[in-house]
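Input: one structure, supplied below.
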C-alpha cells in the first residue's frame, strides 16, 4: 500500500486543491468576503496553471492505471488556459444577482469536469478512463442546465444528460466487449491482444461512438446545436472548446496507443466521419440565424478538421492536433466571448442583430472578426497555421482526397464566417447594438485571445515544442 | 443442474420484464418491472459467485436508484393525466432497428467469443482479497478509481442539488 | 535583416502607424511616405539586381536570406529574387504607390481602408519575394482576404455579391492549390519546402498528374483561367478604384507567377503532358474574354473582361514553355498590370465625376476633361498593343514565342490568340469612340473639371511606365529572359 | 549617313513637344514648329537622296545601306527586333515622297486648319504620322516595319477622328483602324510564319534571294501551298488592308471624314501605298519563290482597280470620288508589281509601279489639296453645291486640271509615263490584263473629268445655304490663302515635271539602272482611250444637262449598286453587327452570365438547397437523435466489419 | 430427445446464454430509449442498457478471465456511476417538470433545425 506514487499526479491534486478550497470558501466565507470569490478563484486557478505547465518525466501510477506523458502537461495547460478564459468571460454573468448564489457550484462543477478530463487524458486503464469520461460529462449536464429557470437551458440539460447517458452506455457495452475479447483493460497490455477480430472491431466501434458523441461528429452530433443554443453562453463555450478539445486528444491517444493494430479499420471510419462532419455541419451552419447554434455547427466542422490530424496517426498528427486545439481554444473563445458580452447586455443573439456592429462597437467587432478569420483559417492568423498543419498531417499519410474535400469545405465555411463579417462591417442597421463597455475581466480575455490569435502562428517555438514532445509518445 | 435451472428462471425474468419495462403503458409498472430485472440481475451475480456485487446491486440499484425513481415518478405523475401512447411508426422503426442490432451483435459475438464450457468451480472471492484489491495501488488494484468515483459522486451531488433546489 | 524583408517591414510599420493615426492628414502622410519608400526600394532593388548580374553573379536567386521557421515541416522564411520577381516587385510598388494616390480621398473610414490595403500589399510583396512554398501560400491567402472587406465596404454596385463571389472563388482556388502544395511537399519526401531545392527533387510522374492540374488550376483561378474567371468581372467592377488596380494589376499576376514558379517549375513532366488541355482553356480565355468585353456597357466590366483576355494570354504563353513565350508572359504581366491599373484609375476618376460607368450615358468627355480623355486613349492604345507602349512588346514576345512550335495545334491556338488583338481593338475603340470622343450625351457633364494634382500624378506615373517599357523594352526583357532561362531549362531536361 | 536618324528623330521630337504642351502654345507657334521641322527633314532627305544616288552605286548596282541599327528587343538568339534605317532606292524614293508631301500638307494646313480647335494637336499628329511613315519605309527588318505600320495606323486613326465630336468622324476612324488592324493580323501571322522558317526578320537576308534561307519554308506545304506562299500571301493581306485592296477597301472612303489635308497626305499619297511598298520591299521573295502569290496580287489589284473606278464614276462627294480613284490607282500599282518579273526588262512592272507610286503621290495629293481648297471655299463636299468655280478660284482650277490630266494619263504630265509603263508591263503579262487595265485607264479619265467639270464648270455657283455639316456663311467663294495655294502650285509643278525623271535609272527590281522605253503602241492606245474618256465626260458634264440623269435612269440597278459601292459596306455591317456582335459576342456574354456564372451561382444555391432539405435531421427530438446515433453506430460497425 | 433434455439441464451455463441475455436486455433498453414518451421511462431504459453491460463484465470476468477482478470492479464502479447519472438526470427532469409542467420528451422541441 504505497500511496506516495499518487502524489506524482500534480495536476490532478493541484486542481482538486483548488476545487476544495473554493468549495469550502463558498460554503464558509461570510457575505463580506464572498465578493472576492471570483477574483480569488481566478487567481488560484492561475496559480494552478503556472504550477503545472512544465512537462515532467513519464511515470505511471497504480500499476499503469494512470500514465503520465509529457505531452499531457501541454494539453492540460491548454485546457486550463481555456477554462481560465471562460472564467474571465463568465465573471459578469456570475455576478448577477440571480446567479450569485450558484457561482460556487459553477466553479466546482466546471473544475470537476476539468478534473474528469485530466483523468481521461492521463488514463492508463479503461476504468479510469470511463470514470474520467463520466466525471467530465455528468456534472457538465448540470452545468448545461445551470440557468435552470430558463426553459431553453432546462431543455438543453435534459437533452444533454439523456443523450450522454445513452452514448455512455453504448460505450460501456463496447468496453465490456473489449474486455471480453482481450481479457484486460490496461492500455499497456491491450495492443498486444487486439488482433482485429470482428468482435474487437464491433467493441471498438461501440466504444468509440461515446467519444465521437463528445467530439460531436456527424452523425453523433445532433445534440450539439440544441445544447449549445440552450446553455448559458459561457458554458457553451466551455462545452464546445474544452470538452471537445480534451476528447479529441483522448481519441487520438487511444487510437494510436490502444487500437493501433486496428488502423486499417479506424482510418476509413474517421475518413467517413470527417467528410460527413465537415460537410453536413457546414451545410447546417449556412442557414443558422442564432449565433450560438451557428458556432455549434462551426465547431462540429472544426472537429471534422481535427479528425484529419487524428487520421494520420503519426507524431505530426499528434502535434498538429494539440496545436489545433490550442488555436481553436483562443479562436472559439474569442467568438463566444463577444457573443456572451453582447448577449449579456442586450439579449441579442441573432446574426442580423449584429448588423452595423462595427459602427457602434469597433473593438468587439474586431475581436470577432479576428476569431472568425482564425476559425476560417485565414492567414496571418493562428487558425491558418493550425489548419495547414492538420492538412499536412493528413497529406503526409497520403489522404489527399480527404484533404481536398476538407479544403473544398473551407469555401463553404468561409462563406458563413463571412456572413457574420458582412453583418458587422457591411450591413447597415436602424437599430444597431448600442455601444457596450465590457467589464475588465472580459477585456482581459479578449486581449489574451487577440494576442494569441495574431501571434501564435508566428511564434514557431510553440509548435516546435509540442512537436518535440509528441515524438516521445 | 440446479444452477442451470436457476439461470433459466432468472433469464426468463430478465428477458420478460425487460421487455415489459420498456413497453408497459404505466410508468409505475415500468419502474416495478425494472426493479424485478435489477433483482434478477443481482441473482445472476450471485450465480456467478460475486456475492459482493450482488449486495451492491441490491443496495445501490434496487435500494437507491429505485427510490429515486419512485420519488421522481410520484413527483411528476399527476393523477388523472393520461400518458400519451407511443407512436406506432416509431415503435416499428425502433423495434426493427433494435432487433437488427440484436441479430447483428449477437452474430458477431457468438461467432467470435471464446467458448468456455467448463466453468472453474468453487470460485471463492474472499473479503480479504476484495479489500486488498480495492485499497491497493498496484496493478489490478483499484484505489485510484475508488477515489475518483468519490469525486464524481461529490460533483454529481453538488450538481443535482444545484439543479433540484428551489433557488 | 534582409534587404528584401524591408518590403514587409515597411508595410507593417505603415499598418502600425495607421493604427495610431488620428486624422486623415496623418493617414495620408503615412501612406504616401510608405508607398514612396516602397517605390524607392523597388528602384534600388532593380538597380542593385542589375549591377549584381552585370558583375557576373549567376546564382538563380539573388539577395537570399533563409532562416528556419517551422522545423517539423521544413518551413523556412526564405526570400530571394530573380529578374522575374524584380519586375513584379517593381510593378507592385508602382501600383501600390499610384493606388494610394488614387484613394487619396477615400471615404468613409480611410484608416480601415488603408489598413486592409496594406495587408493586401503585404500579401503581394511577400508572395513575390518568397521562395518557400509555405510562405508563398500564406502570402497568397493574405492577399485574398482583405479583398472581401475592401470590396464589401468601399465598393460600388452589387458589391456584397461580388465580394462574396470573389472571395469564395479565390478561396476555392487556394483549396486546390493547397492540395497541390502538400502533394509536392510530401511526394518529394517531405524534406524541403524551398522551391529551388524542390526543383532538384522529382515528384513522381503519376503523382504529378494529380498535383499539376490542381496547382495550376489553383493559381489559374486567380489568373482568371476559363472557366474560373467569373469572379473577375463582378469583382473588379464592384471594387473601389485602388483595389481594382491592385487586384487586376498585381493580384491576378500572382496567379500567373504561381503557375510558373510552382506548378510548371516543380512538375515539368506533367506540365508537358497536360499543357494541351490548359492551352485550350487559356486560348478560350483569350478569345472569350475579348468577345465578352465587346458586349458590355459598363466601363469596368469591359476592362475586367479585357483582363480575362490578357491574363489568359499570360497563362497561354507560359504553357508554351519556351524562353521567348515565357519572357513574353512575364512582360505581359507587367504590361497588363500597368495598363489595367491605369484603366481602372481613369475609370475611377471618370466615375467620380460623372457618377456613371455606363458607356451609353457618356460621350465627348475629351472636350471637358482632356487630361483624363487623352490618358484613357493612351491606355486604350497600350491595351490594344500599339507599338511604343508596353502592350505591344509583351504581346509580340508572346506571339513570336508561341509560334516556335511546328505543329498545327499550337499554330492554330496561337493564331486564335493573335486574333484577340483585333477584337481588343474593337472594344477599345468602341469605348473610346463612345465615351471619350463623340458628342456630349449628358448636359451635366459639360461642367466637369479635369484631374487635379493628386489624380494626375498616378496617371502620369503609370503612363510613363507604360511608355518606358514600350519604348525601351530591351533591359527589362533581357532581365526577365535571363531569369527565365534557368527555369525553362527545367522543362527541357 | 547617320544623320538620316535626324529625319526620324525630329518629327518624333516635334510630336512629343507639341503633344505635351498641347493648348499651352499658340496655334501659330505650333504650326510653325511643325512645318519648320518638316521643312528641315525634307531638305535633309533630299540631301540624303542626292548623296545616296550619287555615292552608293557599286558596280552599277545600288547598295543597301544600313545607316543606323540598334537592337531594340531580343526574342531569342535568332530573332530580334532591330530599329534601324535602311537606305535603298525605294526607301529613299519614299522618303522624298513622304517628306515632300508632308511638308506641303503642313504648309497647306496652316491656312486650311486655321482657327480649328485642336490645331496644336493636329500638328502633333501630323508629326507623329511623318515619323511613323518614315520609320516604316526605312525599316531594316519586317518587324520594324510592322511596328511603324501600326503607328501609321494609329496616326491615321487619330487624324481621321480629328473632329472627335462628330460621330461620323469617330465612326470612320474606328472603321479605318479596325479594318486595317484586321488585315494587320494576317500580316503579323505572315511575319511569324516567315520568321519561324527563315529565322530572321531582316530584310537584308530575306531579299537576298538566297534559296537556303527559304529552303524549309518552301519544302513544307499546307493545303497544297508551300509555307512560304502562305506567309507571303498573309503578308500581302496586311498590305492589302493598308492599301485598301478589295475587299478591305471599305475604310478608305469613310476615312474622308478627316480633314482634307490629312486625306491628301495619308489617304492618297503615303500611308495607303504602304501595302504597295511592302510588296515591293519583299519583291525578290515574291518573284523568285512565290510567283503564284504575285499573280494573285496582280488579279486582286486589277479587280480592285476596275471595281473602284466604276464606283468612282457615280459618287457625288468629291472626296469620295478621289478616294475611290486612289483605290483604283493603288490597284494599278499592285498590278504593276504583280505582273512584274525580276531584273532588266522583265522587271519593268516593278519599276513602273514604283514610278506610279511616286507620281501618284504628287498628283493625288494635289487633287486632294485642291479639293480641300474647294471645300474650304464652299463649305461642302457635295458636287451639287459646286459648279462654275473656275472663275472664283483660278489657281485651284488650274492645278486641279493639271492633276486631272496627269491621272488621266495625258502626256506630258507625270501620270502618263508611269501608267504607260504599267500598261505595257500588263500587256506583256497577258493581253487580257493589258486590255482591262487600259479600259480602267479610260474610266479613270472619265470620272476625273466628271469631277473636274462638276466642280469648276457645269452649273453656275449658288452659295450653299442648307448644307448640314458646315454652316455656310453664304459668301461668294474665293481663292485660298497663300499657304494653301503655294502648296498647290508647288505640287502642280512637280506633277508637270515628275514624269520626265529617268526613273529607271534609280529604281529597278534588281537595283541595276534601266532605261525606260515608251512602247508607242501601248502609249497611243492608252492616250486614245484617255481622250475618249475625257471627251465623254466633257460631253456629259461640261454644261449642265439632262443626259447624266437619263443614263442613271437607264442603268438604274447598276447605278444604284455602284453608288452604294456595291453594298460591300452593308455586307460588312451585316457580318460584324449581325453575325459577330449578335451571334458571337452576345451569346458569349449571355453564356458568361448564365452558364458559367450560373454554374457558380448554381453551386451556391444548390448548396443552400441541400442545406434546407437536410434541416429535418435536426428535429429537436431526442429520440430521433438517439436513433440516428444508434443507426450510425451500427452502420459504421457493419461497414468496417463486412466491407473492409 | 432425452440427451438433449439432459444436456439442457446439466453442466454449466454456457457463456453465450449470459451474453445473449445481456444483449437482449441492452437492446430492450435501446428500444425503450427510442420509443418512450416519458423522460423517466427513458431513464429506466438507460438503466437497462447499463445493467446489461454490467452483466457482461461480470460474466467475462468469471468465465474467461477469472485470474483478476477487472470485470468485477468495472461492474462495481459502473453501478455507482449509474446511480450518479440517474441522480443528476432525475434532478434535471424534475427541473424540466418545474419549468414545463410536463416530463414528456416530445415537448423538448423548442430548439431545432
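Lettered A, B, C, D and E in written order, each chain numbered from 1.
Following the convention adopted for this analysis, a residue touches a chain if its C-beta (ideal position, glycine included) is under 8 Å from a C-beta of that chain, and two chains touch if they have at least 3 such contacts.
Remember, it's a predicted structure, so these values are computed and weren't measured experimentally.
J.: Show which chains lie in contact with chain A and also with chain D.
T.: The shared contacts of chain A and chain D, listed by label, come to B, C, E.
J.: Central chain, going by Cα centroids?
T.: Smallest centre-to-centre distance to the global C-alpha mean: chain C.
J.: From the C-alpha centres, identify the chain that is farthest from chain A.
T.: D
J.: Based on the averaged CA atom positions, which chain is farthest from chain C?
T.: Farthest chain from chain C, going by C-alpha centroids: B.
J.: Top contact pair of chains, counted by C-beta pairs?
T.: Top of the contact-pair ranking: B-E.
J.: Give, as an integer number of Å, the spacing between the C-alpha centres of chain E and chain A.
T.: Measuring from centre to centre gives 29 Å for this pair.
J.: Between chain C and chain E, what is the gap in Å from one C-alpha centre to the other?
T.: 67
J.: In whole angstrom, how far does the Cα centroid of chain B sit from the Cα centroid of chain D?
T.: Distance between chain centres: 102 Å.
J.: When the centre of a chain is set as the mean of its C-alpha atoms, what distance in Å lies between chain B and chain C?
T.: 70
J.: Residues of chain E that touch two or more other chains: which are they?
T.: Within chain E, the residues that touch at least two other chains are 19, 29-30, 33-35, 42-43, 59, 64, 70, 73, 77, 81, 84-85, 88, 91-93, 95, 105-106, 108, 110-112.
J.: Going through chain D residue by residue, note those that touch at least 2 other chains and give them in order.
T.: Residues 604, 615, 618, 620, 622-623, 626-627, 630-631, 637, 641 of chain D touch two or more partner chains.
J.: Mind pulling the residue numbers of chain C that touch at least two other chains?
T.: Those would be 168.
J.: Can you work out from the touch definition every pair of chains that touches here?
T.: The list of touching pairs comes to A-B, A-C, A-D, A-E, B-D, B-E, C-D, D-E.
J.: Sort out for me which residues of chain D touch chain A in the complex.
T.: Residue list for chain D touching chain A: 604, 607-608, 610-612, 614-615, 617-618, 620, 622, 624-626, 628-633, 636-637, 639-641, 644.
J.: What residues on chain B touch chain D, complex-wise?
T.: Listed in rising order, the residues of chain B that touch chain D are 90, 93-94, 97, 100-101, 104, 108.
J.: For chain E, which residues are in contact with chain B within the complex?
T.: Checking each residue of chain E against chain B gives 8-21, 23-25, 27-32, 34-38, 40-41, 43-45, 47-48, 51, 54-55, 58-59, 62-64, 66, 68-70, 72-73, 75-77, 79-88, 90-95, 97, 103-104, 106.
J.: In the complex formed with chain A, which residues of chain B make contact?
T.: Touching chain A from chain B are residues 105, 108-109, 111-114, 135-145, 148-149, 151-152, 154-156, 158-160, 162-163, 167.
J.: Which stretch or stretches of chain D touch chain B in the complex?
T.: Of all residues in chain D, those touching chain B are 623, 627, 630-631, 634, 637-638, 641.
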